[in-house]
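Note sheet for the following structure.
Chain nomenclature is as follows: A, B, C, D, E and F, assigned in order of appearance, with residue numbering initiated at 1 for each chain independently.
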Amino acid sequence: MGAILEVNLLSPITLAFVLGVIARLVRSEFSLPRDVYAGLGIYLLFALGLKGGVELAKASWGVIVLPAVITLALGCIRPLTSYAVLRRVGGLGVSDSAGIAAHYGSVSAVTFIAAMSFAAGMDTPAEGYMPTLLALLETPGIAIALTIGALKMGGSRNTREVMHEVLTGRTLVLLVGGMAVGYVSAPEAWAQVAPFYDGAIFKGALVLFLLEMGVVAGERLNDLRQTGAFLVAFGIAMAVIHGLLGAAAGAVAGLGVGGTTVLAAMSASASYIAAPPAVRLTLPDANPTLSLTASLAITFPFNIIVGIPLYYQFASWLVR
Amino acid sequence: MEPAVLTRLRLVTIVGETVLRERLTRQLLEWGATGYTVTPSSGKGSRGIRTGDVPGEGLRIEAVVDSSTAERILSGIAGLYFEHFSVIAWVSEVQVVRGDKYVRP
Amino acid sequence: MEPAVLTRLRLVTIVGETVLRERLTRQLLEWGATGYTVTPSSGKGSRGIRTGDVPGEGLRIEAVVDSSTAERILSGIAGLYFEHFSVIAWVSEVQVVRGDKYVRP
Amino acid sequence: MEPAVLTRLRLVTIVGETVLRERLTRQLLEWGATGYTVTPSSGKGSRGIRTGDVPGEGLRIEAVVDSSTAERILSGIAGLYFEHFSVIAWVSEVQVVRGDKYVRP
Amino acid sequence: MGAILEVNLLSPITLAFVLGVIARLVRSEFSLPRDVYAGLGIYLLFALGLKGGVELAKASWGVIVLPAVITLALGCIRPLTSYAVLRRVGGLGVSDSAGIAAHYGSVSAVTFIAAMSFAAGMDTPAEGYMPTLLALLETPGIAIALTIGALKMGGSRNTREVMHEVLTGRTLVLLVGGMAVGYVSAPEAWAQVAPFYDGAIFKGALVLFLLEMGVVAGERLNDLRQTGAFLVAFGIAMAVIHGLLGAAAGAVAGLGVGGTTVLAAMSASASYIAAPPAVRLTLPDANPTLSLTASLAITFPFNIIVGIPLYYQFASWLVR
Amino acid sequence: MGAILEVNLLSPITLAFVLGVIARLVRSEFSLPRDVYAGLGIYLLFALGLKGGVELAKASWGVIVLPAVITLALGCIRPLTSYAVLRRVGGLGVSDSAGIAAHYGSVSAVTFIAAMSFAAGMDTPAEGYMPTLLALLETPGIAIALTIGALKMGGSRNTREVMHEVLTGRTLVLLVGGMAVGYVSAPEAWAQVAPFYDGAIFKGALVLFLLEMGVVAGERLNDLRQTGAFLVAFGIAMAVIHGLLGAAAGAVAGLGVGGTTVLAAMSASASYIAAPPAVRLTLPDANPTLSLTASLAITFPFNIIVGIPLYYQFASWLVR
């Protein structure tokens, strides 16, 4: 574990994230322009989708069935475990519990990308169809948490509208749409653009993106005092529990060490892109500071710095 | 050029969270506005929730309307959003050329 | 600090298509404004032409002027743009410190 | 929905250089405002210094306040900034729902 | 033709465009940030200009004379054919006809880029001086259409001002200026930056750009109902006619198959960047929805999906 | 010198700058979107920092001591020479002199980047720790000039606040932070992202960045009439004097030809990013048009076009 952790810590990807956090802590005004940050995010997601599709085209469709079903099941469990812990252990109200559960039932796309990159770097690249699994994991997670909230709070008429937004959101369009494009593309045509979406350009862009993620996460650190110790414990414990669950699911589904690591990392992660507006619109009395601080200031850094190597360790134990 | 004939109307300004963009503009038209203008904004208010706590910048929506529509908009906004959302609204008097443009027939 | 001496003036706000930016700001100064402030905007109006149908976002121009200049601006805008362009304008009363700054000598 | 109860207040609008953002918003709160809204802007004024001569776009800050706070803000701005900075300010009358939100207790 | 069409359809460039259209049709809020989209467009145009200039420096100036003259002539004909069809066949008013004719007299830079890329992919790269031809084709086209409109509507004092804007617009500055830079640059100095402006990076950026073009075009599809069947027919027929005209011009000018394909694609295309503001300012009573819907929702997708392979076919027949 | 100048003039980097200036002079509306421009600047600075750190990790810390001390001294001298010339020779007021001195006491990061790139192109790459020297040169320069101004004008309470902004500004965070990341990164991990931050991608991005710098500088040329002949003479003379001073400092510090060229170019340059807001806030009665015109419209183009080759010449004479 020590050696794997070191590999992760001495990677420019992790170090750039730490630099971003530090820049924020010394109150530097540095930050990537909003549009550049969004553009990098789009590029990274689309690249992953494309590459996933190209890989999938080489595989047979059959191999994806079991992992898909198991990932769907995992997607249904994660919001429930989150909600239960928040209500029972944390004693939070219904809205706040459901709101945070929607974040922990969804997936952080950046954690996913970092895990994909880590797995490839360990010479155990994940399966090509991982982006599909992300889509299957993300969607029921948000839906179930919002439904719990809506039911308990007395029905919101907005759930349909909001689910449309989640399903057609940037992350899914780019990952699933990118997979379709990659799947259909002629191999020679793909070869001509492939270096732009892979290798050093992809990883270099990821470094820049994580620099800004550090700034964004660092901005949230201030709120930790306000949100209290339970949330810190929750953000880390939930990551480890869901990471273990995800690793187990990956092993059962027959994924390799790389794929299992990535599924575990996805499972351990919490959304800060898709979930927040969905929760804001359906559960307006949930305090957004709580859910965003937990996912951005605790779970995300934990996963990037120690989580992913840990899930790799889980995967090495559980696979085969 | 002949002097423009001016009509006295109301300008309603709403400042709030970006997630509400679709809803607020749809409702403005339902409540009787014939149009609206949106500008991006950021800010700070009494609620302690900074712009950006919820994703997206804030927004600032203006609508020129007659006084009864203004009333309707203000009480609508107050009823639907004041409790849980970072939304505020104010109204002022303005004069426009061709006032019929701003009143639903 | 001594209390500021306030002068009553007019605030003209023009909302319209971005292609007109150069022309509108040039004309504002010609009509007597001493300055203006532009903010980007988008919106929807009665004309059915959405912002963005013509390239570029919409814009929102404000100028603090005296009342006769306000008159001149409003009738100028109405005469030149109302027919074919997505442009609207309104005027309101404002108070400023050092009112001489906004009046052409 | 019952009709909204309206309170008559002041809307102070300040337009100025981006470098002043931190200072202006801090001072607004010190002078008694309970919040503010900032929009990006550009413009031209009497001073001959274009927006952009100093780095960053211009900004446009609005605050809904009671009339004595408005007084305090206007004279504060005039005293601190009018001489050396590209800053202007105006105030207008507005009506708001739940007026207590804008008055420091 | 079938095989060529397939090459085009299975390319990530075309597929990304289709994905963008679909994303819009399912009402996804996905779109590239405005500044990133503009930045990509600038990069693509500048890259083409640079590469054109580098190629031109290797050729002799003499070879460009005939293609230039013929392209200029083509540039004068296209707005007239467009205007005549719109007035006579379509029965549209003077302003609307002149306004749309300005769009179809001008050139879509993205169609040009896609055609350059397609020609290179077919192993028949176009001549190096093509960006110059684009400039020669674009400028008289807009000018003539606006002049018709202005004359018939009773003189607009803005035409000079507007022509200045067209001549100093982004597209021409980047293409012509880029050519000058490429022409003058020392070969060793160019070699050091060349990979950034060519190959996989160029093509990969084009894929991303077309993803957003799909969104932009998809947004216009709704307006088709409103604008009616004539405009659909016009947008396709005009592309085919002007494409054939352009292919003939290319063959007569002595261009190769690649250059002829690209000239035909340029000729078949319609502007949606340079023409719209020019038309808006000089012919304000022309309805912008008509011209933008025709160029963006009909002619552009037609060219990207089936037009370019078709013009390649024309070129193969006509050249030698 | 002629040959070196030609190398510089025929490089796409310089030519793109000239194209940007020309585009502005013909009043083209072309300009890179603000966010893309900022994003490119961040990428370039971060890339330099990273590469500097990677190089530094290969060297021993001892070698940096002497250059660091000498650079610090140079940083203290530059604002004083500038202030003296402006007051004595130019007869400007205290505020304007101190304000302009803050710009010429600081450093233009883009001139630095262009000089690094030029030195590498001449096969005399600069030392890896140059980004550290930039930080050491920049900071005292601004601080001293502002202090002179504040003392003479009667104490400003803002100096601390402003120095915090300078020290945590974008340039220093990216250069110094990037160096730290590069220094700590495991070599194999760095190797995977290195091509994104070096070679053709870095140089190609620099070309695009300088295109926009040309537009920005061109915008200022109009102001030259207003600001008068003294400022033109000052902008060039100061560059040459400080360039010579920097070259001497580099030679004494034991830098190679490349490092000496870069230190001279830094020394000859004037800030237009860090200094302007700092001066605006502490010396509000200084006229920003003067300092920005001098640094952007005179010193910057001078350095990019003839200065850097000249300092290379100085360096070739003085080193060994």
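The rule is short, and it goes like this: a residue touches a chain if its C-beta (ideal position, glycine included) is under 8 Å from a C-beta of that chain, and two chains touch if they have at least 3 such contacts.
Since this is a predicted model, take the numbers as computed values, not measurements.
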Number of hops, chain C to chain D, where each hop joins two touching chains: 1
Shared interface partners, meaning chains that touch chain A and chain D: B, F
Relative to chain E, chain with the most remote C-alpha centre: D
C-alpha-based rotation, chain A on chain F, 0 to 180 degrees, nearest 5: 120
Taking each chain's C-alpha mean as its centre, the one farthest from chain C: A
Between chain F and chain E, distance of the C-alpha-averaged centres to the nearest whole Å: 40
Intercentroid distance (Cα basis), chain C paired with chain B, Å: 19
Centroid spacing, where centroids are CA-atom means, of chain D and chain E in whole angstrom: 47
Residue list for chain B, restricted to those that touch at least two other chains: 39-40, 92-93
Where chain E touches two or more other chains, by residue: 33-36, 39, 201
Full enumeration of touching chain pairs: A-B, A-E, A-F, B-C, B-D, C-D, C-E, D-F, E-F
In the complex with chain D, residue positions of chain B that touch it: 13, 15, 39-46, 58, 60, 71, 74-79, 82, 88-93
Chain D-facing residues of chain C, complex: 1-4, 6, 9, 11, 25, 29, 34-40, 64, 92-98, 101
In the complex, chain A residues that touch chain F: 7, 10-13, 15-16, 19, 22-23, 26-30, 32-36, 39, 121, 199-201, 203-205, 207-208, 211
Chain E residues touching chain F - in the complex, by the definition given at the top: 33-36, 38-39, 42-43, 46, 50, 164-165, 168-170, 173-174, 177-178, 180-182, 184-186, 189-190, 192-197, 201
Residues of chain D touching chain F in the complex: 17, 19-20, 49, 53-56, 83-85
